[in-house]
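Chains: A, B, C, D and E, in written order; residue numbering restarts at 1 for each.
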Amino acid sequence: MQLGRVAGTLVSSRKEPLVEGLTFLVVRQINADNTDANSYVVAVDGVGAGVGEVVMYASGSSARQTERTKDRPCDAVIMAIVDTWELDGETVFVK
Amino acid sequence: MQLGRVAGTLVSSRKEPLVEGLTFLVVRQINADNTDANSYVVAVDGVGAGVGEVVMYASGSSARQTERTKDRPCDAVIMAIVDTWELDGETVFVK
Amino acid sequence: MQLGRVAGTLVSSRKEPLVEGLTFLVVRQINADNTDANSYVVAVDGVGAGVGEVVMYASGSSARQTERTKDRPCDAVIMAIVDTWELDGETVFVK
Amino acid sequence: MQLGRVAGTLVSSRKEPLVEGLTFLVVRQINADNTDANSYVVAVDGVGAGVGEVVMYASGSSARQTERTKDRPCDAVIMAIVDTWELDGETVFVK
Amino acid sequence: MQLGRVAGTLVSSRKEPLVEGLTFLVVRQINADNTDANSYVVAVDGVGAGVGEVVMYASGSSARQTERTKDRPCDAVIMAIVDTWELDGETVFVK
């Protein structure tokens, strides 16, 4: 999984019927030291994440292993809101 | 998913029978700030996207989760035409 | 899918039995503007492509969605020979 | 598979129910010469790895081929703790 | 598939039971011109490859399409030992 910060929302009215009702969030990828990674992904929200929150997302076929995304053309899903993580014994991030 | 702008069409007369009838579009990837990302993908059109439109596409096995692409050798599908998205509270793109 | 130019053939006599009989081609990836991308892939030929031809290939599990490659350890397949494509209204390539 | 060093732990209280009970570890990717690769992944622990240990992890759908991760939205799993490896005849790493 | 040269062996005593008995090889990726690509992968040996041999490996779910790796957490498998390949009409490599 990768870490990211929810940067915004995305709206689409003309889309594949199978993704109707899903919430799309623009997620900026962050590094393990909590700096921006200068890349992003649009992910389906699976946990009710809000803008600004730090999340963990799964990619590829693993993004379809949730009730909301099963059998849908979705290759990235936010599957956790992150509370905290440590790196080399130091707390890098606390929610 | 990634964001892209449809840059053109691609024609192939000699191809795997399973992709007969699919529309192939050349999609230039764009960044979350709506600048060009200097990379591209050829994606199957799943939503009737036209040249110049900003779209969202899914890659990998997720690209086969539409009626048109199911069980076909296709690793990228346009599954939404984008209306708008926000980044850090600002609207970056409006159709 | 990605675009590439068939650069050569590859021969292997000692290999996984499941890939016996497949033709392996070295494909140089090309950009959407038809310049070389300085990367390559070895792909199974699914359409009778010859050296020098511009092709489209699918990667990952999608590379196994052809009759020849089904259930085989193959992660890239040439699924179309390209006739032409356009970019921003201009024809970039004609076979 | 890729090699990495377990750099820390990650905690999430609000997450997809299917990943409840899994241990998430921040893994810094390392090169074959045992230097840091300046990239990381958050992987599910499948073998009881501790911080500082050198591990091998599998990505993508292969990350779901363990008892703990089967059918879960997980795209990286630590599937081995590394004892030693050689490179060009020299031992690069010993646990 | 990608090309690589087997650079060494890797030993792990504590690992996921499903990968017991598999041989792990450190493979240095090589370019189509037979130069080193400065990246590597740890792949399961499917063909009895030895250190120094030039091989072809498959990644992702395709790496599980061999008898040895089926349903196992393995994302890279060596599926051929390369005899020779050509690039733009010239033989680049002969075993």
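Details
Convention: a residue touches a chain if its C-beta (ideal position, glycine included) is under 8 Å from a C-beta of that chain, and two chains touch if they have at least 3 such contacts.
The shown structure was predicted, so the numbers you read here are calculated from the model rather than taken from an experiment.
The set of chains in contact with chain B as well as chain E comprises C.
Interface of chain A with chain D: the two copies contact each other largely through different residue positions, with under half of all numbers used appearing on both sides.
As a whole-number value, the distance joining the C-alpha centres of chain B and chain C reads 20 Å. Per-chain CA centroids place chain A at a distance of 32 Å from chain C. With touch defined as above, residues shared between interfaces to two or more other chains in chain A number as follows: 60-61, 63-64. Moving round the ring of chains, first from chain C across to chain E, one meets them in the order C, E, D, A, B. Chain B meets chain C in the complex at residues 7-16, 18-19, 24, 26, 28, 40-43, 51, 60-61, 63-64, 71-76. Chain B makes touch with chain A in their complex at residues 1-3, 31-32, 46-48, 56, 58-66, 77, 79-89, 92.
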